[in-house]
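Okay, so subunit A shows up in both of these, paired with subunit B first and subunit C after.
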Partner chain A sequence: MSDLEVNVTVNGRPFRRRIEPRLLLSDFVRHEIGLTGTHVGCENGVCGACTVLLDGLAARSCCTLAVQADGRSVETVESLGRVNNLSPLQRGFWEKHGLQCGYCTPGMLMLMTELLRENPNPDRETIRTRLNDNICRCTGYEDIVSSVERAVELMRGDKAVR
Partner chain B sequence: MKPPVFEYERPPNLRAALDALSKHGGKAKLLAGGHSLIPLLNLRLISPSRLIDVGRLSELQYIIEEFGQLRIGALTTHNTILRSPAVAAGCPIMVEAYPHVANHSIRNRGTLGGNLCHNDPAFEMPLVVTLLGASMVARSARSSRTITAERFFKAPFVTDLAADEMLIEVRVPRLPAGHGYSFLEVSQRYGDRALIAAGCLLTIRYGTCRDVRIGFRNAVHNVFRIPAAEAALEGKAASAAVIDAAAEAAAKNLTAASDLHADEAYRRDVAATLTQRMLRIACARAGQAIAE
Partner chain C sequence: MAEAGKIHSPPAGRQKERPDQRLSVIGTRMLRKEDPRFLIGRGRFVDDISLPHMAHAAALRSPHAHARIKSIDKTAALALPGVVAVITGEDAAKETGPLPCFANPPVEQRCIALGKVRHVGEPVVLVVADTRYIAEDAIGLIKVDYEPLPVVSDMMEAINSKGDAVLHPERGPDNIAEHRNYLFGPVEQEFAQAAHVVKRHLRWARSGGQPIETCGAVASFDEGSEKFTIHVNGSMYNYIGFTVATALKVASHQVNLVPLDAGGSFGSKLFLHKVAVLAALAARAAGRPVKYIEDRIDNITACDNHGSDRTYDVELALDANHRMTALRYKVVDDYGAYFQYGLGTHGNGFSQTVGPYKIRAVGAEIYAVFTNKCQQGACRGFGSEVTNFMIERIVDAAVDELNLDPVKFRHDNFIKPEEFPYQIPTGNLYDSGNYPGALDMALQMLDYEGWREKQNAARTQGRYVGIGVASCQEKGVFSATEFWMLNRAPGFALTSSPESASIKIDATGKAIISLHAPCWGNSPETVATMVLAEQLGIDPADVSVTYSDTDHGLPGTFGIGEQAEGDSGIGSVQDIEQAGDQDTLRAGAYEFFDGKFAELIDDESGDGESNQDRTPGTCSGSGAGGHQDFALPAGMRPSCSSSLSAATQRSHSVG
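And then the complex of A and B:
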């Protein structure tokens, strides 16, 4: 099968690659770009662990072909903070123990990144409803909801802090 | 798993997409949002030799309000429709049903046309457009035709489309202002596949129910309406008694399904309960509150 050239902006940097059309976006960011923060769970759209932002919208990268992202912009968990400089959302997960094994966390963070951009002040119910997209098998979700609420507090205080 | 090998093309416009479809016919699959197709590829349930990517055809992404009808382009994403004021005003049952369609991330990418063409027996939108009396506009390189929803959904995972035809538009007739509607669903988890999805539409004129439409999905069979349940209300004044009669008729005439998740008796019971609840909601919305 003929390979195709794609141009994808990942976390603000442009990448050009020749790929098989059947390459999933999840494998593109992991294997072609080398960003392994995006986790692959069920690989058929059920779990949401592989969630990235595609042109700013949460998308399951395992149900998206890399060629569908050609000419578009992808944001992965690596676009958030660093270990010694966590983003408010990551800080919230850290403080409120929003993870145990951490496998679902990159997807949770990207899903909530989209939510907080469209609604910087969501109530608990709004957070819970949106979290329905992704599965966590460890936490029971309560701490994840609290983590996002904590992130909202941090973001509100962010201006004063910085 | 990973998708099997396929050829890929992304035609620049509808004309080119239809030409590609007529050339490759049954061996090709149209790729819209991909959120039904790509899981099937990943699971190796299908292996088309070619994907024709129509996901970027902006000429099929629109919601147009016309006199008497709403025209929705087949490639309009679910979330675009869910957030459309024109849809909220013209067919609120669609907005009420949408939170049950998969989840937010999938609705970001999934399209109405893709959903309808997949016709998974647990999908809500085929039921909604059937209740609304919508028609589907199908086009091929050679011809164009309009198909009623009832004819379009032939069987689970099967539509009336020929191999070279593409669904390009859904036309939803405008219902009378103040009509009653309701959509309810029972699934194992919120957003999960429906065990029973139920929808109804009705109008109340001079105190009696008119144009009553009651339909279901049972996750196993094709979309169906239940004429006996509709007849229990049609032409009658809404009351607790006629709603009970409709619920009983729904339970009795439900196309029976039994699977791993719910047996037949349970589904009949759920159908009766949902019918009662949704008819009360629909009647109240149409201006006729029912006393307990």
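And then the complex of A and C:
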């Protein structure tokens, strides 16, 4: 298997790498680019911990080949806010206990980033339905749903709401 | 054994806070200290560790439940470019001893199967290569010749296994790992006098904890110091980490275990010796660091995430007033192929074996059997959940048979709030509780009476609504002493379950708490920060929390669940501080701080002595059922160093 050259934009920055055609996108992001926020859970497309946005759409990076991202844009959890400037979604998760061990969290955040871009005002049922895609083993999901609701409030600037 | 309800030696409480006390930090709403790093994708999980020149390992796992390994051909695998080492069970046996086992006599288990495989998924060959991809390619090139053996998959069948169906013939001619009778209180007498005896046959099926992150380790071996460094996402690393050294045939000081954030555990990462030993074995063989992380199939088929798997024959004795008097049961527990924790889950059960009820005597006949399944690990309640299931099923059976009210029956049999501390027949001391209050509150929250009315109304329409009541008492901590009771002779070197933490305060008034147990999704950093900030009167933002490796941490058991937040390192933080006005911490702080903080310390000491004469330094100690704080040797003077550390351990005595 000869290596192939790929050009992938990750979080707005262009990367050119020569890679094996079989390299998974999750391994590309984690080990070629060094962005370890994207986690690998089931390696089978079930748990969603590895969710990234590929050209804006949520994708299982553990079931996607890195060569499939050639010429495309990848967004990972590292594209969201930083510790001193968390995004409304991250802030919502922090305030409403949307995480415990933090392993599924990056995938949850990216999945919900996609949702909030297409629907900035989802109701609780819509959030729950979309969360079906990913697995969390700590929280029991209720707090994650509340976290996303809180993010919606923050995005509206309705900061008085608790 | 102990007489139920009789108190032998209840430990004196050391709590200084009053329930109604207003505290400035504890009890306030503080956002979790752990969260920001996880929210930006900067947790430190095992696959995030990358060491220079690191190789990667993958395991070839048995497709057979029970088979002899006749031969292994690794030629083609070794010839594959990028392959560094191919390690069979025979190779591994030259470098490693058996894996740790708490049972006595131990059951031999190897990190790579030696001679026989005893369950699907048992490792047969470990391959080390430049990349995980190449390691998995090489696995496909290995040829193993197996001779299948009879497979035992049923626990009752296992009791009568003979010949080749016996998993560990060197241990005896059958598949009974352990058969014990335990009697606590006058069981026979209570049954002889009983007005009613209720009997049931119960089945509790195997389940498994499934964290999203599998188990893994990154190991390196330093030839110069002859020492392993192993990053591992297990939790008991500071408690029984030394047993990993034994498996690697080195002394305990030659292994440093470094904790990591764990992506969930649910018990399954309690004691990760397999991945640590495999990675370390591979690192020594390869002469370079090695990462070994289970894939999901590795984890499901061979990790320690499988829980209890039992059948019970239970009998409950009641008097004429429908008060429960005695409980006895025969239980057969399918342990799978090995016996790493011995009867540990039954010991946990014994610590709460009467649940929240006044039952005067308990008898247990336990069969632990081997079958060709993955061995049991420490899943969730580790025996608590299945014990509660057994108790509540037999309680409901009594309610059904005697046509009683499930709520009133429980109320009548509860240990009452004024009866605490209460010693149960197995000797465990329940410190406090309000079972009637808790049950009533739950019934009120759920509108139990309303639902009973709806149930009756629905039934007139031909619809059936089921309503169940369960009242469970679950222990919050663990004591190693149970292994002394469970084994015929003590087979476990540890006698208590210490927890510890260290605190360092620098010249600028900032504090670092080092916890000696890891983070696995609980909130140890948040709680420890709140406790220290409260006690020292400093801003929580001036506290950071880190985790000590085994080279630097004092013993810490594991910080599981309630133990983490009620007692473990966090309790130790408070102990260290409370030791302060008698020995080190505040005195030390006095040396280094000025203004408000120094005044606070001065105000609080109140022992008539000048804190300035105190000696900062290090203190540590432990004791069963309490803690001791060791003072520094007399004459030792404060150094110019602008730091101070203090540590204390505490131990639990449960059961």
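What we mean here is this: the second predicted complex is superposed on the first by the 157 of 162 C-alpha atoms of A that agree within 3 Å, B and C clash if a C-alpha of one lies under 4 Å from a C-alpha of the other, contacts with A are read in each partner's own complex, and residues count from 1 in each chain.
What we mean here is this: a residue touches a chain if its C-beta (ideal position, glycine included) is under 8 Å from a C-beta of that chain, and two chains touch if they have at least 3 such contacts.
Predicted, not measured: the structure shown is a model, and the values here were computed from it.
Using the contact criterion defined above for the overlaid structures, shared-chain residue A:Thr36 touches subunit C, although it does not reach subunit B. Touch criterion not met for A:Asn7: it reaches neither subunit B nor subunit C.
Taking subunit A as the reference, the larger set of touched residues comes from C, when subunit B and subunit C are compared.
Contacts of A:Pro21 after superposition: subunit B is touched, whereas subunit C is not reached.
In the overlay built on the shared chain, the residue A:Gly45 is in contact with subunit B alone; subunit C does not reach it.
Comparing which residues of subunit A touch subunit B with which touch subunit C, the overlap comprises 20, 22, 43-44. Across the complex, subunit B meets subunit A through its residues 1-8, 10, 31, 34-35, 38-39, 41-43, 51, 53, 55, 103-106, 108-109, 190-191. Residues 20, 22-23, 30-31, 35-44, 47, 49, 76-78, 80-83, 86, 90, 93-95, 97, 99-106, 109, 135-138 of subunit A are the ones touching subunit C in the complex. Partner subunit A is touched in their complex by these residues of subunit C: 31-32, 34-43, 45, 47-48, 50, 133, 210-213, 261-264, 266, 295-296, 520-523.
Subunit A makes touch with subunit B in their complex at residues 1-2, 4, 20-22, 24, 27, 43-45, 48, 51, 54, 57-60, 62-65, 67-68, 111, 130, 132-134.
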